[in-house]
Every structure is written in C-alpha cells, then in structure tokens.
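Two complexes, one shared chain (chain A), two partners (chain B, chain C).
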Partner chain A sequence: MNFITQLASAPEANGGIVEALGIDWRLLILQIVAFLVLVVVLGKFVYPWLMKSVDERQENIEAAAKAASKAQEAAAESQAETAKLLNEARKEASDIIATAKLEATEMKNSTESKAKATAEKIVAEAQVQLQKDIEAAKRELHNETLELVSLATEKVVKGALTKTANEKVIAESLSEATKGAR
Partner chain B sequence: MARPLSRRVIARYVATQLIAGEKTDKLATQLAAYLLLHRRTNEMETILRDVSHHLAEAGYVEATVTVAETLGAASEAAVKKLVKDATGAKEVSVAMNIDESVIGGVKIETPGAELDATIAHQLQALKTRYKKA
Partner chain C sequence: MDLHISMSAETLFTIGGFPVTNALLTGVLGGLLVIAILWYVGGKVKRGKYNRFVGLVQWVFEGLLNQIDNVVPDKKIARKITPLAVTIFFVVLLNYWLSVIPGLETIKFNGVPLIRSLAADLNFTVGLAIITIVTVQIYAIKYLGVFANGARYFRNPFKDPVGAFEGILELIGEVSRGAALALRLFGNAFAGEILLIVIAILTSYFAAVTLPFFMLFELFIGFIQAYVFFVLTLIFTSLAVSHHGPEEHHEVEAASKKTKASPVKSGAKV
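Let's look at the complex of A and B:
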C-alpha cells in the first residue's frame, strides 16, 4: 500500500512513471537490440538446425513406422502365402495319397488277376498232363494186355498144336501161297 | 602174288562149279583157303549169298525152310513144288531148319524172296497191328 502510493506520487516528483519504475531507456533499447540480435542469430543458425534435426528424426520415425508397417504387411502376405502353399501342399499330398491308393488298388487288382490267370493256367496244364498220363496209362495197359494175350495164345497153341495139326496148317499156308503166286 | 579176285568172280566160279557137279566139300575147302589166304573171311556170308543168287539164275534154287518140327514127306514135296512154281527153277533143294520158336507153320526163304507163314510171325503181326504207339 505504501509502494503503490509511492508509485502514484512518483511522476509528480521525478518527471514520469518510467523513471519512477527505475527503467533506463538506453539500457532498455540495448536489451531490446540484444534480444533481437539473439532472435536473429537463433532464427538463422540454431532454429533451422534444430528443426532439421527434428524433421529428420520425424522422418526416421515415420520411415521406421513405414518399414514396420511394410514388414507387417510382408509378414501378413508371407503368412497368407505360407497358408496358401500349405493348403496347396496339403491338396497335393491328398492328391498323391489318393493316386497312390488308386494305383495300389489297381496294382492289387492286376496282381490278383495275374495270379488268378496263372492259377487257371497251371490247373489247365495239370489237367492236360493228367489226360496225357491217363491216355499213356491206357495205352500201356492195352499193350501189356496185348502182350499177355499173345503170350497166352502162344502157350495155348504150343500145347494144342499136334504134328498133324501143324502139317495141316502148313498145307493150308502153302495152298494159299500157291493161289497167291498164280 | 596174283591180284585178289572180286567177290562176284569168286561167287560165279563157285556156282559154275556146283552146277558142273563139283563136290561141295572140295569147293568149300578151296573157298575157305582162298579167303583165309587173302584175309577176307568176313566176306564169306556175302559170297555165299551171291552164290545162291547165281545158282537161282541158273535154275538151281536152294530154299531154307524153317519149321517147329521135321516136315513130313508130303509137306516137303509141297514146299519144293511151291518154290519151283514161284521161281521157275529147274531144280530145288531144301535146307531144313528146325526152330521151336516159330511155334507152328512154315517159313521159306529163297534168294530174293521169303514166305513167312509161321504162327509166331502171325502172332507178331497181330501184336503190331493192335499195338498203340
């Protein structure tokens, strides 16, 4: 209260409020000039460098963010691609398995057919051989029977053929031969 | 040493001598001696067969008759007649061969011809006919 009263009464006493406040005009101007010089210097040299640094940093951050975004996108793409490839691989594997199963079935069927054909062939050959063996046995039996009949006939004739009968046989043979000669 | 005679010449000589009435023993001795001398005894069978042929050509036929037992006179005469008729020979001689394996019947062999009417032959023919190969 005392100060305010003193300030209000100062111009009247010392010629103005500036003086009352103790401001030195020259010092004030000097300070203003110094301040302006400082502003100019800062504006000319410091501020651009600072702004440039900030901009670069921002750019770096943006670039990093961009790169991260790209990486994320690439990762997502890669994941999608991987999933696609995996699906394709699964499908291919499934196809391969199906084909393999089909081929295995066909092979099995083919093998069964071949085995069946071979078995039928073996049976047919065995039947043919059996038939041949039977025929051979029949033939052999027939020939042996013929041999036995011949032997028995020989024995019977030897026992039954008397000298007179033999002479008769010879006479008949000669008679037939004579007829044949004529 | 003279050149060896051919088989035909020897056979012709023996046949001619036999027809001329030369003794069989003497001719056989000569032939045997000649073949021994020339180491040709392996030709004996062939020469004798040739002699038979020469004799047959000259009308002298020797028939070999094979029977199971000796032939009766009538049968032998019938054989001679048959051979004579068949060959047109002037004279037929019979060499009898007894072989029980023929069982019965008769087999007559002349140079160049054969008649087998034996029971053994007929049985064999039957066997051959009905035998299955």
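Let's look at the complex of A and C:
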C-alpha cells in the first residue's frame, strides 16, 4: 500500500522520522499561533459572556436553594409553633374544663344548700304561722265556747241562782275554760 | 479501486512556498465554524436571547466549566485555564467531526483528497500538545515558583537519591504525557478516517446503509477524544499546581517519624 511504502521510504528520502510523520515546522508553528489567537479571541470576546451567564445561573440556583431552605426552615418553625400553640390551647382548654367542672360543682352545692336553707326557712315560717293560726283558732274557739257556756248557763240557771252564786259559777267555768284552752 | 492512504497531510497547493495541506484547509473551515458557533452563542447570551441551539452550547459550556472547577483545586487558576481547555474541546470536537463529512476520499484537488480532519494531522495534535504542556509549566511556575517547579524534576542525588530518580521519572513523564496527548488524538482521528474509507470500499453499494453507523460511531469517538484531551489538560494542570516539593516530602516524613515515636499521642489524635 502507498502508505506503507511512503512511511518506509520517507526517512531515507528526507532524512528523518519527523518528516515521515508529516511534521512540518512551518505548519506546526502556524497551527500553534492560529490556535493561540483563537484562544485569545474567544477568551476575550466570547467566554466572558458565557461564564457570566453560567455564574449568574448558578447564583440564581444557589439563591433559590437558599430561599427554599429558608422556606423549609420557616415551615418547620411554623409547624413547631403551631404544635406548641395547639398544645397550649389543649392545656388551656383542659384547664378551663376542669375549672368549669369545679365551679359547676361548687355552684351546684351552693345552690343546693341555699335551696335547702330556703326550704327550711319556709317550713319554719309555715310552722310558726300554723302555730299562730292554731293559737288564734283556739282562742276564738275558747271565746265562742265561753259565750255559748255563758248563754247556756244563763238560760238554765236564770233565776235559780243568786247573783253571788252566779258569779261563782261563771268564775269556775272561766277557770275550767282557761284550763281547757291550755 | 486504488486506495490511497497517506499518514501525513497532503499539500494541495503552495502560497509563496508555504504548503497548504488538505488538513490545514479543513482546519481553517473548522476554526471558522468554532468561531461562528461560539460568537453566535456568545452574542445571543449577551443579549439574553436564547433558543435551543444556544441552550445546548451553553449547557455543554456549563458542564465543561463545572468539570474544570471540580478538577482544578485553585478557583483562580481554574478560571484562567478555562479559555484554553474549552477551546481545545470545541476545536478538537468540530475538527474531528469534520472527518465524517461525506466525500472524504472522493473529492480531490490536483489528485489529492480535499478533506482531511485537522485532528488527523500530527502538526495540529503535536502543536496542541506543546501548547498544553507549556501552559501547564507556566501555571506550575506561577503557582510554585521557578525553583520549586524545577525541584520537581531536578534534585540533588547525594541528598535525596530516591527523589532525584523520581524527578527524572517526572521529567520523562512530562515528555511522554505530551507525546501521548498528540499521538492519541492523531491515532484515533487517522484510524477513524481509514475506517470510514475502508468500510466504504468494502461495502461498495451498501455503503449508504453501513456508513451511517460508522459515522455515528466516529462522531461518538470524536466527542470522547475531545473530552479526553480537555480532561487531561485539566488533570496535568491540577497535578502541576498541587505538586508537593521535596521539602514538603521531608516534612511529611518527619511528621510520620514523630507520629511513630509517640503512638499514644497519635492514637489519641486519630
């Protein structure tokens, strides 16, 4: 093949493996210079914009990540705060319920005792009134009895007794009536 | 059919005794394409007008930039090496992809194929390797200083025989790194071109069916080669600027001796 012939004969013809490999110093230097110019041109006019854009994007991503992390922290804090508030509210509610129960029991007891006292008072007053009524009724009955006795006695013994005996009978009757009334 | 394969780029014509080869011509086209694409994208980004193509190039650029930041420890040097590394990537990629243009062997000028990938020309790959190695050395000198950088290669064999041997190996390593950079890219691009020509000849009329698969494969290899050259440039820069001098080597040894002498203390620290 041409390639094998060329490679084998080139060192003899040109006097070196470098030329056989196709290395030409002029081309080598030209390509090095051209490449360096390309690097400088791109490095000055193109890459800064691309790097800036990449940096900005990374900054945005970092900022977003930070914001997300902050939001997560805030959410966690808020959750903890909510849980704390909920616990406090539960505790407070249970306290209120306990206090209400206690107060209700106290109120019930107090109402019961008040009612009892009132009832007792009413009963006592009723008994006093009843006693008074009985007393009044007895007195009235005594007076009426006295009148009836007096009338009856007057009708029976009218004329048979002397004034003195009459008065004595009346006095005895009165005394008995008084005893009876007692 | 006469199959003509030349290892070196062939001269199409001369201008004042200066040979204009087919690879140089394709390279000029590739260079203009790189400038046109990046200029267009840069202008669009500057004006804040985005489209899918701009987004794609920007996405690639961002990926490369992230890679640079990850590989090169010093942010300042990373930003300084960016233009070179990114230009290497785009230039190698587009020039490699130009080898996939149909008519690789058939379009001829003065009996010489008109199209040849710039990556399949040793003048370009050696030039690129020289630029990379020299740039790495410049950054190493800037970062470590002239003497500290020189001490990576040249050490007193009487004081530190192992270090002196290590320095020689380092020097050989630098040369071989450059050679490997140049030859790897050249070998892949050249072999790719030959592969496409051979497949086209072997499959004859079926080439219309078979070649696209190999072209796709070549496009993939082109991307891989561009990326490898780009990453190796970064790794060499990173190695050069993070290199520990012999003094630090001794300090490390002394520190390890001290640690061995007081195991309890070291254990406590661990």
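Note that in this section the second predicted complex is superposed on the first by the 126 of 182 C-alpha atoms of A that agree within 3 Å, B and C clash if a C-alpha of one lies under 4 Å from a C-alpha of the other, contacts with A are read in each partner's own complex, and residues count from 1 in each chain.
We take it that a residue touches a chain if its C-beta (ideal position, glycine included) is under 8 Å from a C-beta of that chain, and two chains touch if they have at least 3 such contacts.
On a predicted model such as this, the values are computed, not experimentally measured, just so you know.
J.: Please indicate which partner A:K163 is in contact with in the superposed arrangement: first for chain B, second for chain C, both, or neither.
T.: first
J.: Which of the two, chain B or chain C, is in touch with more residues of chain A?
T.: Of chain B and chain C, the partner in contact with more residues of chain A is C.
J.: Check whether A:H142 is in contact with chain B, with chain C, with both or with neither, and answer first, second, both or neither.
T.: first
J.: Show me the chain A residues, by the header's touch rule, that chain B contacts in one structure and chain C contacts in the other.
T.: none
J.: Inside the complex, what are the residues of chain A that reach chain C?
T.: It comes out as residues 1-3, 6-7, 20-24, 26-32, 34-36, 38-43, 45-47, 49-51, 53-54, 57.
J.: Touching residues of chain A toward chain B in the complex: what are they?
T.: Listed in rising order, the residues are 139, 142-143, 146-147, 150, 153-154, 157-158, 161, 163, 165-167, 169-171, 173-174, 176-178, 181.
J.: In their complex, what parts of chain B are in touch with chain A?
T.: 67-69, 71-72, 74-75, 78-79, 81-82, 85-86, 103-106, 115, 117, 119-120, 123-124, 126-127, 130-133
J.: Quick check on the complex: what are the chain C residues that touch chain A?
T.: 3-9, 18-19, 21, 24, 27, 31, 34-35, 38-39, 41-43, 45-46, 58, 61-62, 65, 79, 82-84, 86-87, 91, 121-124, 126-128, 130-131
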